[in-house]
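The structure appears below as structure tokens.
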Amino acid sequence: MTTLTARSSVRPVLMKGNEAMAEAAIQAGCDAYFGYPITPQAELLEWMARRMPEEGRVFVQAESELAAINMGLGAAATGARVLVSSSSPGISLMAEAMSYMAGSELPLVLINVMRGGPGLGSIGPSQSDYFQAVKGHGHGDYRVPVLAPSSIAEAVDLVASAFEIAERYRTPTMLLADGVMGQAMEPVVPVYRTLARVTPGWALTGADGRPARVVRSLHLLPEELERHNRHLQAKYSTIEEREVRWAGERLEDAEIAIVAYGTAARVARTAIDRAREQGLAVGLFRPITLWPFPSEALAALAPKLRAILVVELSAGQMVEDVRLAVAGRSPVLFHGRTGGIVPTPGEVVDALRRTWDLADAPQIGAT
Amino acid sequence: MTTLTARSSVRPVLMKGNEAMAEAAIQAGCDAYFGYPITPQAELLEWMARRMPEEGRVFVQAESELAAINMGLGAAATGARVLVSSSSPGISLMAEAMSYMAGSELPLVLINVMRGGPGLGSIGPSQSDYFQAVKGHGHGDYRVPVLAPSSIAEAVDLVASAFEIAERYRTPTMLLADGVMGQAMEPVVPVYRTLARVTPGWALTGADGRPARVVRSLHLLPEELERHNRHLQAKYSTIEEREVRWAGERLEDAEIAIVAYGTAARVARTAIDRAREQGLAVGLFRPITLWPFPSEALAALAPKLRAILVVELSAGQMVEDVRLAVAGRSPVLFHGRTGGIVPTPGEVVDALRRTWDLADAPQIGAT
Amino acid sequence: MTTLTARSSVRPVLMKGNEAMAEAAIQAGCDAYFGYPITPQAELLEWMARRMPEEGRVFVQAESELAAINMGLGAAATGARVLVSSSSPGISLMAEAMSYMAGSELPLVLINVMRGGPGLGSIGPSQSDYFQAVKGHGHGDYRVPVLAPSSIAEAVDLVASAFEIAERYRTPTMLLADGVMGQAMEPVVPVYRTLARVTPGWALTGADGRPARVVRSLHLLPEELERHNRHLQAKYSTIEEREVRWAGERLEDAEIAIVAYGTAARVARTAIDRAREQGLAVGLFRPITLWPFPSEALAALAPKLRAILVVELSAGQMVEDVRLAVAGRSPVLFHGRTGGIVPTPGEVVDALRRTWDLADAPQIGAT
Amino acid sequence: MTTLTARSSVRPVLMKGNEAMAEAAIQAGCDAYFGYPITPQAELLEWMARRMPEEGRVFVQAESELAAINMGLGAAATGARVLVSSSSPGISLMAEAMSYMAGSELPLVLINVMRGGPGLGSIGPSQSDYFQAVKGHGHGDYRVPVLAPSSIAEAVDLVASAFEIAERYRTPTMLLADGVMGQAMEPVVPVYRTLARVTPGWALTGADGRPARVVRSLHLLPEELERHNRHLQAKYSTIEEREVRWAGERLEDAEIAIVAYGTAARVARTAIDRAREQGLAVGLFRPITLWPFPSEALAALAPKLRAILVVELSAGQMVEDVRLAVAGRSPVLFHGRTGGIVPTPGEVVDALRRTWDLADAPQIGAT
């Protein structure tokens, strides 16, 4: 059950993405926030620092990102609705706890406002933590639902969705935004979704008058741990069946599709407009969930296309999932920029033209 | 330049994998070891605790895995040959520092003796950190060479190779072993490779009488960081060209290939023997480098096969890289166990038989 | 300005000392609590964990005692009324931050529910952190007001006094309780003092529309640091003049005075009753502030006495301050138990008798 | 058994105090050093960083002062001869571990090169950690022998003495130096004492072929902990009997004695020369051990004096121990500077003259 909540008025308000995501979490019923300052995510923490106490909820600036995520783990174990946020290096410090929460089936929303890496890198926007988000951040066989907004309004909505998914499936869930999404200002209609509150039956609320509950990721007997893993894998299959989200634009007659998410999708949209003006039949396939990846939809689309162009703010990471989905049914090319640089629409048009020409050539392969 | 060193005699000595890898690192000229105890990797740390001081070298049991890898980073920056080891949860704590070392181009060898996950999991053997090792452990666009031994003798050799690769390309390098590889005892011929020592020109050795050097992953200007990323990507391409290693067994006439590494490959070998006895033409494709993955060799092999069966001690991770490589040229099936359980040869024979039957069916797809 | 607050009724309620101190802090207007569990202080943290969120205030179980006190420091810098509590080993971890707060002139109340030491020691009650509390916990020339309650009702009152002193003088202030004070249950009349709230002019509340403020303990120029130290010393002199508290019982005709605080004073009271029955004219001098120590009052009393007997749950610590005050004007003897053992009244009567006999002897010295 | 060792020659070498103390520790047979950089102690760590590996011994720059002292604790438990050093704020972080080592009876030498406090303070020289060193750094009833050198040559000798005392009594031992002692350069005759090595019977060396040993500070039964405390107190009494050290200068005919240690004693010596020229009969009483404090010697001296002047680089800390020892037998006055400022000889002569005049007045008291 979801309630739409308008804060003060429904006239659009100019907000930074970081602020809008923070307020969306508050309106969704976030009970506790834990974080540690890092650019370009700082305004999110600042917003929570001011607003959470106003709402009588918990805000803690922890000793480090490691402390923040483990406080989040602890709070989540009590049934609290928890948000943690950081940017790339800080997210890396959370790998162990994310694996623990996946194993312990604890819901929590983690927002990564990505910056250029590796290492300290730069504070410019980036999408170079895609692999980390959807593949192998922590150890062990687990998956994390990953939502990737492409506008601030969508980010507001996906924050609520992230809490819904986290709680529906008892899983840590990630919202993957890049620095542009965090720093840019856009008009946001202040209508938020408020999520119903159901105290989960597994939460550690103090065992007064009932048997004690246990939340843990430890299963010392291999048979027991395998049973637990089968349960987790079944859950991940359900998520893959039910929670895939993507958006298509101008795909009906497209001969080339750009696959892009987040800020890259916004650039792609402008590039597609220009390419269409130049007579190229181009459309946009925009994954909204990065895991589960919209593989089936893309696999179904691929045979109708002359080629696919993947655009990322990275050296090429989602392109691997595109190739996996397409499985040779269409050539897949890539254009990316790194280090905090956003590709320009002009660059993407050029890449589209090269893709068009290559697709014309008979010998093109699938790599 | 490599020197072969025989320790006391060349008669085989019975050693645990953890001990053999530790001694191999010492013989390879490891200057400093940093770690923190965790099962099933503990004997490696114990061996180093005893042997490194005997050799007048540095052993530190750090405050945590986080401290250990960062001490490793610092020591590597001085040009020291550094080994760090842990098991799954401890490796997760090292994600940030691995990204920093990749960005700073610091050589270091990290051994992961994998156990069942996610979270605390069990202390049984596992291969469920494959994704973490080859994809997205830390943030940012970087890659880490990953070597996967399938016998203790091979582990001894690959420890030296890992140092060679780390230093040749100035990159952190991983040796991915599972708990069986760490705990099992096998006869090891105590012949080790000793690596030549060349003080690297970039090492922070104190700037007496020369200009100061800088080792860093920070590049605040996006253009500069992109230039740095291009340099890294070019290096990764070179590694992909030159450092791929794999081994094939009985593939000449094989209609089905098992793809497996580490302990799974050993189980597969026994299963293949039995399947051959039952008339199934089965061979083994064993990746030794997991990144760079032997994609080209596998892509070339795929069209000759009726099907590929991937066997892992996981819920299915390397299978994704196999599918990426095969790109639809052959059906790819999977058999895995999780939670610290090793598949039996009998199970694998059954899986082979199912694969054989499925491959016979006309409608089989590539997923 | 202080308001008396009755919670629900004024009939006595049976409470543990830890609980009563916690509630007293809440009623006094404590905005934020930071702590980490340790026996015998655990119920204080548990009470705060439950009650602070009920009041819409901040409760954080930090990563460690080190994190807790530094969070306290940060919160205090914003003008919040902050309580931190722990027991002996945890208090030791707070030495650096206490010195920083003294140097930065930040008010904060720290409760130490002492247990037997040194090291891990036992979880039994103790007074063996007297030296730490009143002398040299952290580095540098600073003093900390220390209040020592001897009943739960007094503890309730002194918690409010501790906040008053902390804020009046901008200084961290300590409430020193032993494990008996924390664990024992006594009827508490639920009347609490609520302290007026004045936002301090130095607090870091965000520099909107006013010049930025600075809170720091760093003064790099020695002249500046000395000026700062003179200011601190002048403040400590003022506290010594104005804030000394002690209580005397049956001292009018006493020939021997027991000097004791906290639980030791309660035992002494019973022993004095018994000794009086046996004809010994004995009274009790009970310091309530340990720093500033009631030296003048004791110095004035000493010449009238045949001897002083100091009773502590320690190997002898406050006895040093007694000797300093008495400066040879009366013999000072000592009786103490350690390790979590509370002296019995019988033991103290025996010690009184020995003191009486020694004082009769003409040769007795001042040590 | 002690061996004198001359390094290369016996001609004086110009060394900083920090360097000389470091080399003295190495020559005394220090096996392991743990530290973290802080001014004005940095050269000590730097010297160890270079020299310990040359000697094939252990040097670790830890993650923090907390990690350093706990590594020291661990190494000491194996029977290693361990040095840890820091400056005031870093020493505060070591309070808990010092209490643990006292409780566990582990020998270790800790050097504090004091700087101005409280808090971050300044990096100028200071003696304001006297209380911390001799009274209440950590929790519980324990004492730490504290040696205070007044010249670099004496520091060299006292480093060896500190190891001797630490090992003879199984106790952490402190060497208390101020920033002047650490930073000043003086000619040092490179003759060092090398201490005999006896593997202690309690050391945790691996329980091969013998029953396991235990090193701990935990004694859960109060009776057992009290027995342990009695043992510790008996040991402290022995140290008080046997290890007191002090030096007197020109005390034979002195009517006023300056009591000062470390750098303050050096200033006092110059002031005494000048005061003697002006006809004042002044001498120097210089404690070398601060705990045990030379109370008996001072108590014996006091009645012969008109007054005592205590000079410290602090707001007045040792003066308390002087008053305790003197117990009213002589007036005790104080002159101190704080914040990194060293009193000048001129200031001290003025203070002496004021003392002289006050002592002439009939009404002077003992405070």
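A, B, C and D label the chains in the order they appear, each numbered from 1.
In this text, contacts are C-beta pairs under 8 Å (C-beta built on N, C-alpha and C of every residue); 3 or more make two chains touch, one makes a residue touch a chain.
Computed from a predicted structure; not experimentally measured.
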Path length in steps (a step moves to a chain that is touched) from chain B to chain C: 2
Chain located farthest away, centre of chain B as origin (C-alpha): C
Chain A-chain C separation of Cα centroids, rounded to whole Å: 51
Rounded Å distance, chain A centre to chain B centre (Cα mean): 29
Rounded Å distance between chain A and chain D, as computed from the means of their C-alpha atoms: 57
Contacts with two or more other chains, residues of chain C listed in rising order: none
Chain contact graph, described as a line, ring, star, complete graph or other shape: ring
Residues of chain A touching chain C in the complex: 53, 56, 58-63, 67, 70-71, 74
Contacting residues of chain D [partner chain C, same complex]: 66, 88-89, 91-93, 95-96, 99-104, 114, 116-124, 126, 128-142, 216-230, 232-233, 314-317, 320, 323-324, 327-329, 337-341, 366-367
